[in-house]
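Take a look at the structures listed below.
Presented sequentially are two complexes of subunit A, the first with subunit B as partner and the second with subunit C.
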Partner chain A sequence: MSEARLTQSRRGPLVARHPSLVIFLVVLALFTLGVTVLAEGFGMGMISTSFVKTLGKTLCLCLVALAMDLVWGYCGILSLGHMAFFGIGGYAIGMWLMYARTEIIVAESMAAAALPPTAAEISQGIATQIFGVVGASEFPPIWAFAHSLPLQLAAVVLVPGLLALVFGWLAFRSRVTGVYLSILTQAMTLALALYLFQNDSGLRGNNGLSGLQNLPGLDAVPQATVSLWFFWGSALALGLAYALCTWVVSGKFGSVIRAIRDDESRVRFLGYSVEAYKLFIFTFTAILAGIAGALYYPQAGIINPAEIAPIASIYLAVWVAIGGRGRLYGAVIGAGFVSLLSTWFTGGQAPDVNLGVYTIQWVDWWTVLLGLSFVAVTLFAPQGIGGLFDLLSRRARAEEGPQGLKEAPQK
Partner chain B sequence: MQQILKLIAICVVAVLPLGPVAAQDAEAPIQQLLQEHGDIIAKSSRKTIAPAIDALAASGLAEAQAVLERWQAKEMWRNKETGLFVYGTKTKKELAAFDFASGAEIGTFPTKEFKQLKPNSGIRGMIGAALVQFQLNAPDPVARATALDAIERDAEPAHLTALRGAIEGEADAGLKARKARLERLLTIRFAEGDAERIAAIEGFAGDLGVDVRATLNPLVVTEIAFADAAPDGPEVARLITLGEATLSRRDAYDMLVAAELAPPRLDADAKRTALIENISDGQVAGVQVASLSTEAARDIAYAKLAERGLAAPAATEAQIDAALAQRTFFERYTGATPSVAVAALSVLQSIEAKVAVNQTADLALDAISLASIYFLAAIGLAITFGVMRVINMAHGEFIMMGAYTGYVVQLFVPNYTMSIILAIPLAFAVTFAAGVAMERLVIRWLYHRPLETLLATFGISIALQQIAKNIFGTQARPLTAPGWLDGSLVFNDIVSISYIRIAIFVLALLFLALFLFVMNRTRLGLEVRAVTQNPRMAASMGINPDRINMLTFGFGSGIAGIAGVAIGLYAKVTSEMGADYIVQSFMTVVVGGVGNIWGTLLGASMVGVFQKGVEWLNPSNTLAAQTYMILFVILFIQFRPRGIIALKGRAAEA
Partner chain C sequence: MNTLLEVSGVSVSFDGFKAINNLTFNIGAAELRAVIGPNGAGKTTFMDIVTGKTRPDEGRVIWGEKSQSLLAMSESQIAQAGIGRKFQRPTVFEDQSVADNLMLALRNKRGPLAVLRFRPSGDDHAKVRDLATQIGLTQALERKSGELSHGQKQWLEIGMLLAQDPKLLLVDEPAAGMTPAEREHTTEILVEAAKTRAVVVVEQDMEFVRRLGCKVTVLHEGSVLAEGSIDHVTSDEKVIEVYLGR
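Now for the complex of A and B:
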């Protein structure tokens, strides 16, 4: 947003100060409209339901990338734990989806019995259905609120938020910074994933939660329609989050967190409570990630601990770096571009390259390409794809003389 | 006397060497013994045969073993006319008969003149047990050891006597000790007198052998029983207060019900069944079925059923209380007589205490070995991250490269010892080259930008992992240790450690020494330290920082490669093996304190000990142990953010 800050007045509505916000929202709205018109659910049926789901999931990934950009690109905290918060959000909503749907099935099967079932019998039946696969037949304590949608929705926000708050407080308080913090967040992610892999974690071990694409009580609604609902929901969440993030990074608050990124000690000496700022950003982005996860997994249909493994968070950093750190649209572009490209390459649609002696099959070699291009981006284009926009606007404003497009100092 | 008889027998055979129907020596002691029990042998019934077998076994005759063996093999025959026993094998319809006493052929007879003795499997087993005493005294030590093995596997009361008889004459000291120990174990199990058993039991106090515990445990078995009056007798192990862990009130009452001393309690299932049986017109005893969706409503409906006599009245709480109050519940010994059980219990307790000590020792060995694995995985990082401050997330992939190098070497060199000796320098060379290439191409552009280094090396890590997957597949590849590393160093039945783990421990120590030597005693080490402290000053003293950085990074990577060979011997080689160690390795370095090799050693020990400790508390769950270990490290860093051994002063600011 640096160019915006230089050229626009600090007063006036947010939209006026940040023309890129308007552009983004318009593009997002047009995209949503276009997909809706072309989709099977309401329109011409040119986009298959599964592709609508892929697009919806991509929007959720853009959302979590936005959070990652805020915490890393703006505040300088390279968190390798945001996909854990994403996963927690998915688990929280998945618990309700699974519980409510199983409850309907169990209630139906018990309705035929001679006596009307008691509440305890229904609960026992649901527990057997859900936990039979890990050899248990009782609800673990963490499922205490699974029957209630509002409470689980609150958990989507509160659990990642609280975890981030406690973890961040511990870490920032003892001045763990830089790579140490990255390794620590990665360790947290690994610990969570390992914990969830156990069968007695209460969340079905490595089976994870499944059947999340079926909304309880809405079996009659075709998936084509449901997929569009979630697509709209994801687009709405992304739009709102983008506006919110734009607001957060603008003004004095935004200046302080960018200053923390560039020189933490100096900000502390100026009298700012660096820890409080960092803690706020860390927690806020964790909540965003949780919400993104809660929208993502009903579209994916299944969640298991492998989704939380440290590598997922690394990929998140890869997306943001390729898209361009320190600019919100960069994160969105990076996540959208790389994850769609990944889907294309790993889906077997990309043509193989025949080198004569060896045929490159992209299913196998895409990850290698991704890893190496990540190295190349880090080395040669720290601004990522977003840097291209800088080049364009620099050319447009070449006659205006020097302006503030110097690369942000890296730390 | 025997000798003379034998002589006579030989003479008889010598006198009549050619007679096709040589007279059998009916007076030979073995034959007489057989005749004495002839009828029950012929009857061949498991119930009555014992005296015959015992008599043979106890006879002390040299031929008894042969008789028993022939009998067991169904090669003993009895002449239908004379009733004399012979042995021989049948060919078509003829029997070549031999005399037991002399071993000489008597002649060939039509089989119909003889009756074959066909002992059933039960009798054969008894014969086998009797034969044991002969095997225990066999001239061949291997045969004696085999006989002892057989007894250890499946002991019988009869073995005890045989064993006691076989100890005295044993020449081999090792076998004698084994026999004596086995005799005491069998005494505990089968001896008649309590005093004898107790003496044997007490002899085992503090013995760690699994066999001792296996022998003693059945003796202290108790069962729960109840009586109207407070029981008072030696068989009472202890009285039970209801509601404690051993016996809940519910189970206690169920015991009374099972003994038909109390009316059954009403459980949810029985209630449900009774209600369903009595549904008529949508009602149960006048209650609407639709309203029975709570246990309370069902209770009321059931009470009404009971009132109408349609269901058995359930036991009320007061009845249950009264029934339980009447009785005393207690545990009593069922495995052995009380005095034996008490003795066994006290010896078992003394053993348990010793077992606990030894288990701690075993756990400590495990922890040390885990710590040395972590140390091996982390030592390369201690150089690249600890000394150079370059964070290399592809370190795990260097470990993997080393392991795969070992695997490839083994493909070409079939001799495992030779291949490992070759693999170690090769792994070092491969990863050294990879490390140097990486430093030249990527890392040197990113010094002083640690976060960028972390990301770029992540990219390399992802790419290397996938390349390994593409080349070697996702399947785990074996890296086989040479034969002399197989097996374990066994201290006793509890404490043991495999030789591979010892080798890894030794390797870790070697690496520590190598690291200290290179850093403190060589020109390279001096220059590395100089460049780390102040690159520009070092450069002005004529050191080429670029070259030093390259070599140091290569050195750290090369050590990771050797660690990979070692870890590959102990775990499977997969493309993800590096990723499994990378977080732990960083933890180890960070906990220990960056920039200090002793810190890394301490960090590895701490992480290893902690993880083994948690595993010990919850043995079935290594995932949980790792989870708690990571949480512990996160908390630990709260209190010592710079690790156990923190650098102080200017070096800490670097």
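Now for the complex of A and C:
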């Protein structure tokens, strides 16, 4: 019997081998359809545009959590710097959004002049518009490709990928592991944030990039519609990434990276180059994070260096831990659940709790609650929310168990 | 006899303590060799040096027909060159099934991209089942290896070693924690394996070594004390003094 299962479990198309992938994709599709039907843009208007944006952003956070789960939950690299890649993706797309829209505005205002403006004058005008806030009026070199959507889209993938490749190569080659690696990744994201905070960083310092919700040339399209476009894009990206990650973690590759997580030196003696695998996963997940960021920030409308602060990456790890690491749906559930809850608490919707002597205001106390839940999960439920599914499936199996035993001898 | 592995003049010290002291050791292509010696003699450290885990302070470690130096290679390169190792403490991937553990060890391409595209062929499945039969774990193929008994884990690790199909097997105390019947089976597997490749077995148990019926190397304080048949070394006075006469 075990023979049959051994061969069965590894054949057929990806969806057939992974029922949980089918369930996930169906749930995601139904959710997307439901939101669309209820939204202002096309549907009945029961979900506000700003809430559609919140849901779309949540899907992007689920996507970056998926990346975090792959690198930490499956490969055992506790990276506390993946939100840096997320932020870079956001900056990369934000540069084009801001440039292209400013270009249209500047061209319009100059068209009124008696003499038609030269290209240099237009460029000068755009630079003044964008960099006036930091007292500059010229394009820094990193804006060289900002006029081109394809090039900035390439940057969404290439910049996080290359940064992760170089950083990972240096760290893994020297066999930095465990806490030291986590600290190093924190240092990376901190350094990046501090650099971006400077006015002469070329990315508008602490002002960051703004107005990203407005798509260049599409001013006539209402935000209610644009929000749905991005919502669909985010859902599509999450669905594709989930399928891709399922493929990566299943089969022998998944077996190797889980083995690296559990005992990397043993894996070396089997002849696998542990460094190459870590580098592959680190870079791949950085790219996923970059894509997630590029979808997130046009929905958020603004990106600034505070988004890349070390704490953001720590939150990411907390979501994955609460959702249950080492299982893909765990990461998605954790990120979705905790970030929506966080929006609710910090958005002032949660009712304050009056204790008589003291009033708990959730805007302030939410972080404390989150911290306590993290500690509780770590101590009492290391499997996270995902562990509940194990309990359920074990109970289901226990119920059909006796029947299975009865059938066995007939074979 | 052509030598497969040649270790000469190797020394290594940890914080001034010489764990291996001017050690010289050779083994041929299809040879079974037992290495014995009291606790702390340097048996495990010897394996660490050959497999690239520990770098010696001096000496040479030469491998194979092409006479490559192993000292310039990483652990994974050495493993790929054909040296497999079983650890003293059984280390299998407890979170994964017995079949997955064997599949992981099975000799196939090791690079990330090749592994990503890898689909086990019917041949691979057959090899896994054959190995499972050899190590008596056919019934346990789909079980998590963490649920196995200590002896079964030892066997699984031997199975993983065979799956790699190495030219040289380094086996550190394979019979520890096994029942007499299990020990006998382990002996059979090792003797069988040594017909087509070189096998070095570290063992404390004299009876076990006697049953292997091969040349014995006695290590003491990091160097070779005596070498020869089991009867030869057990009658050597120096050996009796440091090892048997304790």
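Rule of thumb we're sticking to: the second predicted complex is superposed on the first by the 390 of 411 C-alpha atoms of A that agree within 3 Å, B and C clash if a C-alpha of one lies under 4 Å from a C-alpha of the other, contacts with A are read in each partner's own complex, and residues count from 1 in each chain.
The rule is short, and it goes like this: contacts are C-beta pairs under 8 Å (C-beta built on N, C-alpha and C of every residue); 3 or more make two chains touch, one makes a residue touch a chain.
All values derive from a computational prediction rather than experimental measurement.
Participant: Output check: A:251 vs subunit B and subunit C. Expected answer is one of first, second, both, neither. What do you get?
Facilitator: A:251 contacts subunit C only, not subunit B.
Participant: Between subunit B (first) and subunit C (second), which, if any, makes contact with A:317: first, second, both or neither?
Facilitator: Touch partner of A:317: subunit B, not subunit C.
Participant: Looking at the overlay, what does A:117 touch: subunit B (first), subunit C (second), both, or neither?
Facilitator: first
Participant: Between subunit B (first) and subunit C (second), which, if any, makes contact with A:367: first, second, both or neither?
Facilitator: first
Participant: Under the stated touch criterion, which partner chain does A:46 make contact with: subunit B (first), subunit C (second), both, or neither?
Facilitator: neither
Participant: Going by the touch definition up top, name the partner, subunit B or subunit C, that contacts more of subunit A.
Facilitator: Looking at subunit B versus subunit C, the one contacting more residues of subunit A is B.
Participant: Is A:194 touching the first partner subunit B, the second partner subunit C, both, or neither of them?
Facilitator: first
Participant: If we overlay the two complexes on their shared chain A, which of subunit B and subunit C does A:259 touch? Say first, second, both or neither.
Facilitator: second
Participant: Which parts of subunit A are in contact with subunit B and also with subunit C?
Facilitator: Looking at subunit A, the two contact sets are disjoint.
Participant: Mind pulling up the subunit B residues that touch subunit A in the complex?
Facilitator: So the residues of subunit B touching subunit A come out as 272, 275-276, 279, 289-295, 298, 391, 442, 445-446, 449-452, 454-456, 458-467, 469-470, 579, 583, 586-587, 590, 621, 623-624, 626-627, 630-631, 633-635, 637-639, 641.
Participant: For the complex, give me every residue of subunit A touching subunit B.
Facilitator: For this pair, the touching residues of subunit A are 76, 78, 114-120, 167, 170, 173-176, 178-180, 182-184, 186-188, 190-191, 194-195, 197-198, 200, 310-311, 314, 317-318, 321, 364-365, 367-368, 370-375, 378-379, 382, 410-411.
Participant: Spell out the part of subunit A that touches subunit C in their complex, as residue ranges.
Facilitator: Those residues of subunit A that touch subunit C are 2-3, 5-7, 10, 248, 251-253, 255-256, 258-259, 262-263, 265-266, 268-274, 276-277, 280.
Participant: Which subunit C residues qualify as touching subunit A in the complex?
Facilitator: Residues of subunit C touching subunit A: 51, 53, 74-76, 79-80, 84-85, 87, 91, 93-96, 99-100, 103-105, 110-112, 115-116, 118-120, 125, 128-129, 138-139, 141-142, 160, 164.
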